[in-house]
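Two complexes are shown next, each including chain A; its partner changes from chain B in the first to chain C in the second.
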Partner chain A sequence: MEQLNGWFTDLLSDNTIFTANTLGFYWGGFVTTVQLVFLSLVIGMILAVPLAIGRGSKRRWIKLPIYAYTYVFRGTPLLIQLYLVYYGVVFFEGIQDSIFWVVFKQAFFPALIAFTLNTAAYTTEIFHGAIKNTAKGEIEAARAYGMSRKLMMRRIILPSAFRRALPAYGNEVIFMLHASAVASVVTIMDLTGAAYYVYARFYAPFDAFIFVALIYLCLTFGIMFVFRKLEKRLLAHLRPRGA
Partner chain B sequence: MIDLQGYGPRLLEGAMVTIELAVLSLILAVILGLLTASAKLSRNRLIHGIGTLYTTLVRGVPDLVLMMLLFYGGQIGINMLTDQLYYAFDIDIFININAFVAGVITIGLIFGAYMGETFRGAFQAVEEGQMEAARAYGMSPLLAFRRVRFPLMMRHALPGIGNNWMVLLKTTALVSIIGLTDMVRVAAEATKATHEPFLFMIPVAMIYLLIATLSEWGFAKLTKRYNTGFGESSEWNN
Partner chain C sequence: MNKWITGALIAGALVSGQAFSQAMAQESQDAIRLGIDVPYEPFVVRNAEGDLEGFEIDLGNELCTRANLECSWVEQGWDGIIPGLLARKYDAILSSMAITPERERQVLFSLPYYNTPSVWITARDRDIDIDDKASLEGLSVGVQRGTIRDVYVTQEYGDVLDIHRYGSSQDVVNDLKSGRLDLTFEDFPIANDAIDFRQDDSPYKQLGDSIKTPTSIFGEGAAMAFRQRDKALAAKFDKAICEVYADGTFDELMEKYFDYDLSVRPSEQDCAE
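Take a look at the complex of A and B:
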């Protein structure tokens, strides 16, 4: 550790911008970005599964509100949704006196809510499309086995739909990572926020933003790699058999 | 009628800025996209490499970071360039980057990469036989491109262009962060001044939804037009 530290100090010794201090900022931003994106994706996915099933329902009072939700959240910029939640959260009667205020007065949670609602809308549409495209034969086979609708959904339709949704969902994950950059607007020190801070402090736009762009690029490639591996594993049955 | 507390006209001006910005960057993006697609389809390895580098870099980095880099860095870069010109050739010019132009260039540059991917796929989807037929009719390469390859390519590219346009439209909201007075910025300023986020943000969201709905309708019309002659299925199923 001592050695590593020494090596690190040597490396940074003749660098005026990327000192241990600013790198610490970038690291903090990295952690915030990853937390924000990961949490919103997980919660968004949990919300999206029932919504996607409801979106395909025959009952109009279930189907239409969900369609309206996805239409509005996919048709407006995330920045506006973020502003609405961030500035609008105080309008909930009595939230400032409740125990939740400790959480909500930080910018992180309004941002998390906005991001979650946004990604849930996109994910709902992705899953809905995948469920709709389930092969007729799979459903007929399930029916022939005498499965109830619930069992069929759980054992046949959803597993098969999730696999088909994987490539589109991978794009959504990358989209979310990139969209999360707007969090810096509401005082969150995410990666972009850290880069902006370094830019403003040293007036060095190229160093500050190119460095952060490279971090985002690495993250994007990492996500792409993971999803490609997953697709290879989970969609193995759809690949043509090798000679 | 809702009382916008005197911000109504400014919101409308902002909406015009948003629309102008979106349309101008779309035009730039389509031109860049066509260039990128031809670069990526080129057999020259250097040109192909440049095209791939451009699309990979732009699609791997958040729009906002690219925008900040080009907007905050662009002025410094141009100043450095003009300084060099002054020292080397004694040419004294001063170029000031206007926020609107910077916005159009950045968004155009970002979506040029996405358009490039769309057009590349669409060009590859055109059957070679169609072009052979055009050549057999003695069409010049330019005429064959204009009358055969381009309209056939558009049929495959239109859904992608439509998607890109919807994303582009929403991306224009980001220019409010780097200081351009579009409708989001007006709404954000009004919100900070009056503490009424819903009063200003919801109308702005409605304008975005309206533009999105109108363009969806427009793209449906265009799709129908470019699908002419591709069987009754396209007539009946859409």
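Take a look at the complex of A and C:
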């Protein structure tokens, strides 16, 4: 143990990169990344529920615009969407003088908008798929009870669809965390931004990026753990009996 | 017996080798070859007739005349420019090479002969005093990430300015123009090309003086590079650089190619015999 301790002290004594200063950068980046991803996921999910229901509507004027939206946002890279929202908006004449400028002046809100629209598009498709795949028997049973379409949606289809969508949604959350690494191109000091900074400052790509990779790994592990627990609870009825 | 012969042979080879290299050195100091990476406008370009021309060609020829040397130019791509020097493809590099500690381990540098400055730029209607640090609180500045400008701003203004770091200087300029940034701190030649800030009626303006110091951040500038052992040759060029600065020839050449100041006047101490 003492040997290990000595080895560790030696290792850190030569270290000029991971000082309190750079660790502060990483911590700031960690907070920004978590905020950005969490907020965009929450808002994205709130948007996605009505969109997913509308996506399965029989009325074309509801169905088609939503389909076009998800098609565009799933069909283009997040980086391009971010660039368009951040650098694109300034080409609207007079935006600097409008009330919107308060939002678009900082980098955080354009990034939040791009991320939210992106994750909402994916989540809409995930929920839509789950709603569509609701077992016929459940719907027939609901009808037999005389439930209206609204009530059936609220009591039967949505709760069941959300449970079945959980594993796919868990993946989307992890993808979103990883995709958020592009935020640093619009000057946001997220985890990747902090790593870029340390890399550029000390010309140490391996140290800077391996450290940040480990942080992402821990975050991903945490998300996986939470979803594993949730799935175990909420999908208990789908597990084979006795398993 | 055998040992004696071998010893004598080695000694002989050493002596003659030394004499030979001395003779070579003698000869090559009258006629030397300068390595340069072409093109790098306006420092060096090949004109329509196929001849090299530009600031560094004029400067190099002037330095050679003063050092009493017959100079010729050798073209060499940047990647191989130090290996080419060490392999004796040419005797010196005169190709906008900035002095860095890494390069100093391999080559011997002359005095620096130029360094491009950096400038603070803001919108013309803004009233900002860059020297009054307290008044800068909360203003945003854009820099290209990892550049010497980033280091300078972080070190000198990190506690007051809100520093935005971009991947390219193009993005910095975009956000200065969009109004997201109050300030930018940019390399003068880049700013000169990308931002209209030098006329009285242009939308942007320069704040304060152009900045080239401290040299611990901005570097000492671009210098000629020699093989480590060619100290006498380097000294000749140091003297020539001092001369062109002292009698105004450097300024004439600079005004011919540039409309801003990139001189790094050598100190009297450096020029003392």
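Going forward, the second predicted complex is superposed on the first by the 220 of 243 C-alpha atoms of A that agree within 3 Å, B and C clash if a C-alpha of one lies under 4 Å from a C-alpha of the other, contacts with A are read in each partner's own complex, and residues count from 1 in each chain.
Criterion: contacts are C-beta pairs under 8 Å (C-beta built on N, C-alpha and C of every residue); 3 or more make two chains touch, one makes a residue touch a chain.
Because the structure is a prediction, the values reported are computed rather than measured.
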item	value
Clash-or-fit label for the pair chain B, chain C on chain A	fit
Chain B versus chain C as contact partner of A:L79, first or second or both or neither	first
Larger contact residue set on chain A - chain B or chain C	B
Touched partner set for A:A161, first chain B, second chain C, both or neither	neither
Which of chain B and chain C A:Y196 touches, first, second, both or neither	both
First, second, both or neither for A:Q96, with chain B first and chain C second	second
Chain B versus chain C as contact partner of A:K105, first or second or both or neither	second
Partner chain(s) touched by A:T187 [first = chain B, second = chain C, both, neither]	second
Superposed arrangement (fit on chain A Cα atoms) - minimum chain B/chain C Cα distance in Å	5
Chain B and chain C contact sites that coincide on chain A, given as residue numbers	87, 185, 196, 199
Chain B contact footprint on chain A (complex, rising order)	71-72, 75-81, 83-84, 87-88, 91, 177-182, 184-185, 192, 195-196, 199, 205-206, 209-210, 212-213, 216-217, 220-221
For the chain B and chain A complex, residues of the former touching the latter	57, 59-66, 68-69, 72-73, 76-77, 166, 170-174, 176-177, 184, 187-188, 191, 195, 197-198, 201-202, 204-205, 208-209, 212-213
Complex contacts: residues of chain C adjacent to chain A	142, 145-146, 150-151, 164-167, 171, 174-175, 177-180
Chain A residues touching chain C - in the complex, by the definition given at the top	87, 90, 96, 101, 105-107, 185, 187, 189, 193, 196-197, 199-201
